[in-house]
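We just call them A, B and C in the order they show up, numbering each chain from 1.
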Amino acid sequence: MNEFFNETTLLSVASLVAIGSVAAVVLYVVAQKFKVIEDPRIDQVEDLLPGANCGGCGLAGCRALAEAIVREERLEGFYCPPGGNQVMQEIAEALGWEAGEQTPMIAVVRCSGSRELSPPKVNYEGAMTCAFAHNLFTGEGGCPYGCLGCGDCMRACQFDAMYMDRQTGLPVILDDKCVACEACVKECPRDIIEMRKKGKKDRRIFVSCINMEKGGVARRNCKVACIGCGKCVKECRFDAIVFENNLAYIDFAKCTLCRKCPPVCPTNAIHELNFPPRKPKAGKEDAPAQA
Amino acid sequence: MGKLTVSGSPHFHTEESVSKIMYGVIFSLIPAMLVSFYFFGLAAIVVTLTAVVSCMAFEYLIQKYLIRGPLTIFYGSAIITGVLLAFNVPANLPLGILVIGSAVAIGMGKMTFGGLGKNPFNPALVGRVFLMISFPVQMTTYPRPTAFSTQLTDAVTGPTPLTVIKDGLSRGEKFADLLAQLPDYSNLLLGNIGGSVGEVSAIALLLGGLYMLIRKIISWHIPMAYLGSAAVFSGIFWLISPETYPDPVFHLLTGGLMLGALYMATDYSTSPMAPRGMIVFGVGCGLLTMIIRLFGAYPEGVAFSILIMNAFVPLINKGFKPKRFGEEIKNG
Amino acid sequence: MGGVHPPENKFAEKASIEVLPPPKTVFIPLSQHLGVPAVPVVEKGDEVKTGQLIAKGEAFISANIHASVSGKVVKIDLVTDSSGYRKKAIVIQVEGDEWADGIDLDIPLVKECQLGREQIVQKINENGIVGLGGATFPSHVKMMVPTGKKAEYLIINGVECEPCLTADHRLMLEKGEEILAGISIQMKALEVDKAIVGIEANKPDAVEHLKNLAGPYPGISVEALEVKYPQGAEKQLIKSLLGREVPSGKLPIEVGCVVHNVGTSFAVYEAVQKNKPLIERVVTVTGSSLKKPVNLWVRIGTPVIDLIEAAGGLPEDTGKVINGGPMMGKALNDLNVPVTKGTSGILVLTDEQAHRPPEQHCIRCGRCVTVCPMGLEPYLLAILSDKKRLEECEQERLMDCMECGSCLYICPSGRPLLDQMRVGKTRLGKLIRERSG
């Protein structure tokens, strides 16, 4: 026995080894007993998903979607909006299945009642959440259908695809970041935000108002409200515009983006996005090209 | 007429605000401050000012350059942390050490967790305990009280009553004999004893506590539970063996117990929210303090016991809910 | 338990109730009560008399609505209500003041009620009486005790714990006899032999007055209660008077009580003994900036601005106008909204008083927990609501919150606790309804 390998050190080494061995055996037994056998494909699918856990697929996160796809043994009915068709294709390839195509969608804010066009009549104080303001009153501008401007949609967005424009008080959606997860659509207490077809070259035409009041009343609160005049309905050759409850709605499935309706709207409530600027006398000539 | 304002009810709001509450606490600390200035002289003033200024400076710098959030410096909570930190150190503490303590108190104790209202541990106590462990000698060299002293560092030093008792008892002396070496209880009450800057005068602290109770800044639950449980616990041991255990009155009047019970344990963000939880918290503090004082290595246990109980606050908040209306059906 | 002491500011305490003449046009909303809106029984162009039925409450929880003036129905259209949303209302152009047949306008006080239980309830139903304390729950529904339960006490709420409001106070002083007669009618309808009138101790004259008058009425006692908000909340009132706690999510009948407001008792008296429907009520118009704070008898449907004119006009520096009291009232968007059955007061605040204190950090002072009369933890519920952790909200009994506003009143950091809790309550309520199908 030298001074290093004395009785104390040996004893402690021995006891530690003993404890370690016992613990290892216990851990092994427990691990075997409670082993969960999982389909390895779930991990495989999850790895392909973006991992944002946004809930855009309607399930609680990417893992849940992967589990659902593998459990149901099908891809139909499941779609990952952030990943888009590309990711769905990858998943299909990895699993050796067929993938369907889905039209790319994007969120659209259907209100243009900015501070200037729908001037505030009262002054709101309190929690900056639309959910509360909606129950409390009609909004500073007075329109019972219009955007409240508290930014609940922006806070719901997990992809930084939205911001509140300080000047107008309205949310703005960034085309290149929006993944159509519908979080904002679900959040808006007034159903102002809609998922619409992204359109060719991101071109979209929509009625930027959901006010169902009579024209005069709507107009009193907002200069760019749809007043329900029906001019756009007459203008449309494709029956794409539905007119109901003093409100026009453009069905994006039928709309051919012919650009005929925006100019006829007396309140400029119909918006067209990402089109080239109109020529001074444009309208008839380039319409067929668009269609 | 301008635009009407619309907001949810209620439309009346209390006159009280965060800064009013904070400045109320500072106001209530004035008697204790004056007593310490009287007994420890210029040194106490310098220590208090240094702590306050450095705490405010650290809060400002951290918020301005590290967090880059809104400034909360004018709410007055940094001033309170500064004053309380100063109250918890000896008057002859080298100022450099005190500045380190302030940095730890504000930086580690408060800002790391997100600032005002989010810190789980009392910042002043974090600072004090840090100094206690890092600079044990300087932190336990207490000046003797001398009226209107103008000396800064060379004051005569001496042990606190608690140290005298702890050392004496561990040597096997009797409590009664040891007590005879110490100032009588009226001096303990006034604060004419050795100790940290602000903890010495029980009566001044009680006066401040009374003001806070009347202004409804604090409720009675924590101080009463703390002092009561400490008195009962020490009383039991005193009754069992009066020779080896000090009496409850001695315990209440010495050390940081008064300061701790009235100002440290009642700190809003580090104490439970509901009255029932406050009582549990206070009793826990009282028992731990006495266990440390009677059986621990340190003569004083207020700081440790409050910090330990601070860690239990989230649990207490979960376990001791307020009594819900309609919880027990009483038909009379 | 709990409660706050906001400044009382009862400016109109000494002002006798004055009669406000009918306006030129009244707007009578079809939904002035809790429950299903009434269905109009008149059409555009019809001539109506004061007190004539114009909308019928057909559902079980609904109430009849009567014309509060005589004149011509101009239209049945959407009219802005106090939240700014437009709801259906009957608009009547006033012509003279001709009352419908069968309403006795000035017969002297009738103490004895000869009608039976069923008939009393029917009269209350026909005349569209709703709870006048603010919740506007149809009174006849409250009068029908569910089978298996038994009412033991009738509690009459004369607390008026809302600061500023004095409508009930004045009514008790000026119509004490009628109120007591009304209480005895309600006792008969509920088949109870004990009634307690609870009045906050800051109205000693009303307590004294009703105590003196209550002598000849067997079973009616008058109690002075501690001044504290919300003393007049149904559950708190029962607790203060009888020491009984209504269990969570249950109605007062669970502990053998039925609670009515003093104003409702007066309306019941008029409905049963004089056959007069609920077409007018006392409204306090008050505010520190008003020239002449008043209590007014107002016809239902009168625009709020007319009431403010009667109190000396709208001051220049007005920043907020509240329908109701300062603690639970609703801030108005528009001053042309009509007075409804539930309007107990109009409070005008100056711009200086109108604003909330700036929002600051929660300092975890626990004041909201201390003041919550339901023993909840508003600081926690506000966070959980904000984070949409609804199951936890339910465990923490968010649905027990009665939105009295004590937490938001007391918060030194000016945090919008109640705003967030209301959002949580709406969401949780929806979740619970979905769960139960």
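Rule of thumb we're sticking to: contacts are C-beta pairs under 8 Å (C-beta built on N, C-alpha and C of every residue); 3 or more make two chains touch, one makes a residue touch a chain.
In this text, all values refer to a predicted model and were calculated from it rather than measured experimentally.
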Pair with more cross-chain C-beta pairs in contact, given A-B and B-C: B-C
Most distant chain from subunit A, judged by the mean position of its C-alpha atoms: B
Separation of mean Cα positions, subunit C and subunit A [Å, integer]: 43
Whole-Å gap between the CA centroids of subunit A and subunit B: 52
Distance from the mean Cα position of subunit C to that of subunit B, given in whole angstrom: 49
Two or more partner chains touched - positions in subunit B: 4-8
Multi-chain contact residues (two or more partners), subunit A: 121-122, 125-127, 132, 136-137
Shared interface positions of subunit C, touching two or more other chains: 331, 333, 355-356, 416, 419, 422
Touching residues on subunit C, where the partner in the complex is subunit B: 1, 4, 6-7, 163, 235, 239, 242-248, 250, 255, 314, 316-322, 324, 326-333, 347, 349, 351, 353-357, 360-366, 369-370, 372-377, 379-380, 396-397, 400, 403, 405-406, 408-414, 416, 418-419, 422
Residues of subunit A that touch subunit C when the two form their complex: 121-122, 125-127, 129, 131-132, 135-139, 142, 144, 213, 217
Subunit A partner contacts - residues on subunit B that touch it in the complex: 3-8
Interface residues, subunit A side, partner subunit B - complex: 120-127, 132, 136-137, 140
Contacting residues of subunit B [partner subunit C, same complex]: 1-2, 4-14, 16-18, 20-21, 72, 75, 77, 115-118, 219, 268-269, 271-275, 278, 317, 321-332
